[in-house]
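Sharing a structure, written as structure tokens. Questions coming.
Going in written order, the chains are labelled A, B, C and D, and every chain counts its residues from 1.
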Amino acid sequence: MEPHEEKPIIYTMENKPIVTCAGDQALFTSLYNSLTQQLPREPMEWRRSYGRAPKMIHLEANFVQFKEELLPKEGNRALLTFPFLHIYWTDCCDTEVYKASVKEDIVRWQSLLRLHSTTDWLIVVVESDTKKKNKTNILPRTSIVDKIRNDFCNKQSDRCVILSDPLKDSSRSQESWSSFLTKLRTLLLMSFTKNLGRFEDDMRTLREKRTEPGWSFCDYFMVQEELAFVFEMLQQFEDALVQYDELDALFTQYVLNFGAGDGANWLCSFCQPLRSWNGLLLRRPIDMEKRELIQHGQASLLDLRSYLFSRQCTLLIFLLRPWEVTQRALELLHNCVQELRLLEVSVPPGALDCWVFLSCLEVLQRIEGCCDRAQLEANCSHTVGLWTYATEKLKSLGSLCGLVSENGPNSEDLNRTVDLLAGLGAERPETANSLQSPYKKLKEALSSVEAFEKHYLELSHAAMEMYRAIGRMRSARLVGKSLAEFYMRKGDPQRAEAFLQESLKSYLAEGWALPVAHTRKQIAECQKQLGQTDEYLQTSALLASDTHLTDMERKHFCQEILSFAGQTAEGHAQKVVLSMNAFAQLRQLQFRPATAVVHVGAALELELSLRSLMPVPVRLEQLAVSVHFSLEKGGARGRAGPGGGAGNRGRVGQGQGSPCGTVLFPGESPPGALPRSQPPALELYEIQDRSPSDGALNSAGVVCKNVHLLLRRQDSSASLDTPSSTAVAVEDGAQLLKTHDVSLLPGNNNILFTAPSREPGTYTLRQLCATVGRIQFVLPHIYPIVQYEVYSQEPQLSVEPLADNLLAGLPQRVKFIIVTGHYSIKRGDALQLSNSDAMPILSSSGCVARVLSSDSELVAETTLSMQSSEKVTSVSLPLAPPYHSVEFQLEVQCHIPAGPVRPESERLTNGEPWHRARSRQRTSSGMSVVDQKISIDCPWSIYSTLVALTFYIPFKAKHLLLSSGKRKYIQVCLQNVSDMNFHVSDQQLAERQQSSSLWLQSLNAKAKQLVHSKQSVFCLWEVKWTCEPPASLQCVFSINFCPADAQRSVFTPYYYEFQLDNVSTLYSLSADIQPAPGEQQCRTGTLCGLEVSIVRLAEPSDSEQQDEGPVETGGFCTTKLMYEVVDNSSNWAVCGKSSGIVSMPVAANATHKVRMEVMPLFAGHLPFPSIKVLKYLPHNAPSTIPPDTDGCVENDNISLLDKGLDDQADTSSIRSRGSVHSLGGGSEQQQRGLPMPRLEPFGPGQVFNRSQGCQVLVLPSKDDHVLEVNLT
Amino acid sequence: MSRQSNRTTESKKMNSELFTLTYGALVTQLCKDYENDEEVNKQLDKMGYNIGVRLIEDFLARSSVGRCHDFRETADVIAKVAFKMYLGITPSVTNWSPAGDEFSLILENNPLVDFVELPDNHSNLVYSNILCGVLRGALEMVQMAVDVRFAQDTLRGDNVTEIRMKFVKRIEENLPAGDE
Amino acid sequence: MMTMLGGEPFLLVSKQEQQNYPLYIRSVPSDSELKFHYTVHTSLDVVEEKVSAVGKVIVDQRELYLGLLYPTEDYKVYGYVTNSKVKFVIVVDSSNTSLRDNEIRSMFRKLHNSFTDVMCNPFYNPGDPIQSKVFDSMVSSMMVQTC
Amino acid sequence: MADEALFQFLHNELIQYVYKSSEQGEMENARCITKLENMGFRVGQGLIERFTKDTARFKDELDVMKFICKDFWTSVFKKQIDNLRTNHQGIYVLQDNKFRLLSQLSAGKQYLEHAPKYLAFTCGLVRGGLANLGVKSIVTAEVSVMPACKFQVMIQKV
């Protein structure tokens, strides 16, 4: 009954360190179970050499019966079979027996051990009371043990232990067990440390020898692996793994060195041609076959690698690091491929692919074996690499074995397949009964086209799904692409295209030129096969224009297009429409004239520069721009005329239009360039926050206007150019700009169009369309918007003065301008000007008409022929085509109307409108105007045109009546209000009803005078009479004038009529100022006497009778006067009663004196205060509005002191001085009210003031401040 | 050359990077604003002048440099003090004209042009022209009218950068310097 | 394949609008150039994966060098991303064993430095393809070294 | 420091140029500010590229902002931002109590109105720096008491 004996040592996990047992087998067997169970119970700290971290380990052991064979021979380094400890069991308690047998036995045992120089032994003495019972002559227990100790363990007494009553369940036995076990463990570990240490030393020395000839990696491998095994056995997987990794690294290094040129000869065994390629095998803990091969140096590179990896894999899985397996796997596979290349191992085609394929799947399945779904899905990123790798490999196998071609594999392919399968050998037993085994998969996949497809698709989709799942879109698409290639090979472009388009999108999005070009080529291929003509042509266009293709390729695709275009359309198939932007780009567009505004029928040229992207010249049957026409304000141009174009420059391409009428089009980003969507640029501006109270600046800063725009998320995907996809439609029915037979050279071409301009309106360029045979390349929208305008214009006549204003009374030139518009002036067309006497047209001979083109170039010049009848003057026009203008000048003269032409600026009723009047005067030139209208009949219209001309009268006349006592003078002031200078001569003043009793005596110089612009001449006449002068004088002033610069002086008369009333003087006033009594001189601040005396000069005239009814009082009739003393210059303070009523007898020399007191306020020669006398009319008397003769105002000016017009205006001011009565306006309002006495001013010159302008000397007073006081 | 100098992330250098880049931004802006390079050069010179006339005070204040007796002394001050102070470089003063009224500043490395690569369409751009303006403006403030121009420029493929400086005249009364 | 020893297509990918368009691609001219482009483009998946991993990971893993992105049978693809989200990718022929992690690292540093200078060239418009001669020559010299 | 003086001279000249080259008017003024800001933007891009050359990858937005406030600001203005506040909704306020480009402007209300000119460039710097780090933003500024200055950064979520 030795359970372990037969068991062959298999290197598996069940391995335990070996402990041999000698001595009493029965005894040992009885204890075996408890021993094996209890040993691992408690962990033990293992302190290790080489400063490796101590570890707690649970020791197990494999107890086997002692045999001499078990003891390792000299040089045998096998560790697994190495007995780490030898135990001798005895329960002998009887000295006799001991002496008799046991001792010898131990001696023999010991000597054997010594022979093999093992010092790791232990003697266990088991004692049980049961045994003693039936024994007599008992010795004390200890004696045996002591004996043994003496005999064997000299000075290492611990090598002999007692285990008491092991089978009893007593505390005592417990203790002895535990102490025993502890001892056992300690010894075991000691042995490990010692032996492993020794082993490692040997191993190291061996490694050191690796440069020596004859050193073999395989041998070394075996050695180090032994170590690994032990660690594994001790469950120290990390350490185990390290061993393999070291081996891995070492080998790799050798291969690299070999690649670098120095090859160790042992490597040759790995360089042998590849014979079997049945992938990795990860289902056994140890692949013995491969290990054998390595052991005997027959392993191929793949064998070694596979074995190494399978071990690493096993350990990693023990360490629960499956994902590291997958990652290492991928590296391994790549690495192997490299190493085979480096070692120049001859590999039959496809063999490697098989190996990789199988290995990938093997790894994946191994992993699946030890993880659940969830884990797997969570770790796609680790596995997906293997999936894709497998897919690629399967694909290449497929194509190698002719499984991808449309018409299956040929015999050659089949042979190849057979060879490949042969290389797989027989399926391994482990996988024999799993249906999904890599082996089966591969065999099946290679068995038939269909099977292959099934597997390939399965893998591809799996890979794609995973990539998608972990968001590696690009990778997914790449798989998609190779799938597409597969479909292409299978002749299924339909499926292929879908994948290709998807990847194309992403390449475009990210601007990867080469992939784009390549993928497009593939797409083109699909489309060709699918017979998607339009798409194919579109793609071809893109490719033909793609600079990343070779010239050959580009030409090829271009040719494709051209040859299609060349085909004669069978069955009138309508044209194929393609997007233009792949074919050519519209770069710029230029109008001539630049304004892009022309009149109907005018020539408008349009040059567009088109950049052809084709590699070869292309002949276009036709290049057309479709134009949208709208009436939108075509007519409106009519008024604007040619000039109006300027305003429209903006229309040329919405702002892009430079003044030179050029529209630039943003160049398409060339293929490969990056479609970047620019976010809106941010707009900043300054802000200043001022406090509302005082405008003080609180804060200043920089803020952003268009935050809302910027903060909006803008996704760039929108901006990608996918021109092929956009279906372009030709809009027809629109007008066209065409050119035929254009040949587009590669690069820029300029093409000239003549734009249609028959209809007035707005023309918008819509599409650009190039026709090549059956193909039309269309630019669907021309953007920025490009428009031009055609306008139609009514003929029109305008007449404008040459000078800025026409002067009446002189011949003046006026300019006639006819804009013909759409009308063309025919022979015999004439303007009929209706004459008027006031303004004759002076038919000056040899005046010329100039015909100008729309851009005002002189076209023709002809002398005008004019006929004048008394009614009309007809001016025959020169011939002129439409949209030209005809200009000529005529001379007209406007007669100055006799009789007063009153400049409206000076019309006045009674005083008050004066303010307005005066302000007007300031603004207007003050020239009086004459409006003249000519009605003209134009040949193009049945209605006659009225042209108004305004003439200005160069002169203005004023008159004055001057009095000196009874003598009267008339002064006329002639003012030259024009800008010209004039000569004037023989001025005359005539009285209408030539009464012999009255004549006017000129006091003027005879000679003609020069009157400069804005100057005046004054003329004076004395009025003389024999008997009473008439109540009113009708005067006509006349003077001849002619321009000073006129070469031949033709004098024209100027008339001025006016009327004077009540010229004769009725009263004369005189005033006298006396110093205060006792004073020689007047002094400021002291009262002086003022005496006013009013003297009646004339007998009452009949004119007087009727207006103020004199009142009979006391026999002779009197009339009431009101006097008033005012001092506006405030030189005087008028004290006491400054105004009053006096009644004057109506008789010559009747006198009335008034006294009052005035106080001079200033020193010096003071003018007298002004004294006014007014008619005081009883209420019953009829009111007479003072005769409204012009100039009477000026007249007053003179007669009322030197106070300006102001005083007249200042009726209010008088009233304000507390006077009860009022003037002018005042009187009117009183009439409206109840009848009251009224005041009326005397007619001009009726009152003569003697002391006019008299002055009196005033001396300063002694004390001025006094004055201050009483003044205030 | 610029390569090593920029490794240090020490704050002084940083500033000069800020300066260099800002200057770069200015030049490119000018290139956008003006169509031809000559205009840009002119503008740069102007701006330099404006800086110069202000800079001089700062300079005199911080470097306790007194009045220079002759042009040679001026040259030395410019090279050894001014350039050192403001650009951290010390150009060498060479190529004196026999009359001693004209010399060259040779800059082995010109911080303004670190990282700069002139595009082909700016062959006539004198990238660092602002320096001329600065020198002109500054010296004008000390009553020296000088004529400054770039004789060589590493940017344009020359081995060194050379600023040629010619003494024109001594300005008698200090005419107020307005911005150009 | 030996002809491609040390043939690295370099490329920088700008982050503009998350669009990984190439700023600069350079490779030893060879018939497999196209394959390079595909490989590099695909590698962006991994770059993005690693970049987006930042923030989740601990600080010491936030260095700019992303290490080996993924190996293929023929190439090793390494990645690097600047703080300005510019991605550098170096693809090395997997048979090229002379280049270890450290060499690659320093190559990236060189690239980065040189790129920084490009960024500081006032005439360079960020986001445009790189035409700098300096950069070009630097890359060339690097490619020569690695052969 | 010397270099800095030079920079400030240049910066002033920059402003002078931009404002001179455009005639006045609300529109114009806005264009000037924007122009300055754009120059700053480009410079910021370049600078940040250098400054972050040797730093580890940033963890998140806040990490970036801190960098701007500490390292960036120190390198450019030789002091840190004095106070950084955020609403965690993508708005950050950077306060510099003695903003270098203002400190040369003598304080006082009458100069306050010129302040914006002196901020625009820096707004650009910050925006450019952030943008180059993949943080799209809008940067504005405000001064109420010179030379203290607030920059507000609004992050655009992309």
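As a convention for this text, a residue touches a chain if its C-beta (ideal position, glycine included) is under 8 Å from a C-beta of that chain, and two chains touch if they have at least 3 such contacts.
In this text the structure is predicted, and so the values were computed from the model without any measurement.
Centre-to-centre spacing of subunit B and subunit D amounts to 27 Å, using the average Cα coordinate of each chain. Chain centres here are Cα means. That of subunit A falls 22 Å from that of subunit D.
If each chain is reduced to the centroid of its CA atoms, subunit A and subunit B end up 37 Å from each other. Computed centre separation for the pair subunit A/subunit C is 32 angstrom, with centres defined by C-alpha atoms. Each of residues 17-18, 113, 120, 122 in subunit C touches at least two other chains. Touching two or more other chains at once are residues 42, 46, 50, 158 of subunit D. Shown for subunit A are the residues in touch with two or more other chains, of which there are none. Taken as a contact graph, the chains fit none of the simple arrangements: neither line, ring, star nor complete graph.
Pairs of chains that satisfy the touch definition comprise A-C, A-D, B-C, B-D, C-D. In the complex of the two chains, the subunit A residues touching subunit C come out as 256, 259-260, 330-331, 333-334, 337-338, 341-342, 381, 385, 389, 467, 470-475, 478, 507, 509-512, 514-515, 518, 673-677, 716. Contact residues on subunit C toward subunit D in their complex (touch as defined above): 15, 17-18, 51, 54-55, 59, 62-64, 81-85, 112-113, 115-116, 119-120, 122, 126. Looking at the complex, you find that subunit D touches subunit A at residues 26, 29-30, 33-34, 37, 109, 112-117, 119-120, 123, 136, 138, 140-144, 154, 156-158.
Considering their complex, residues 113, 117-118, 120-124, 132-134 of subunit C touch subunit B. Interface residues of subunit C, counted against subunit A in their complex, comprise 1, 16-22, 33-34, 37-38, 41-42, 44-46, 49, 70-73, 94-95, 97, 127, 129.
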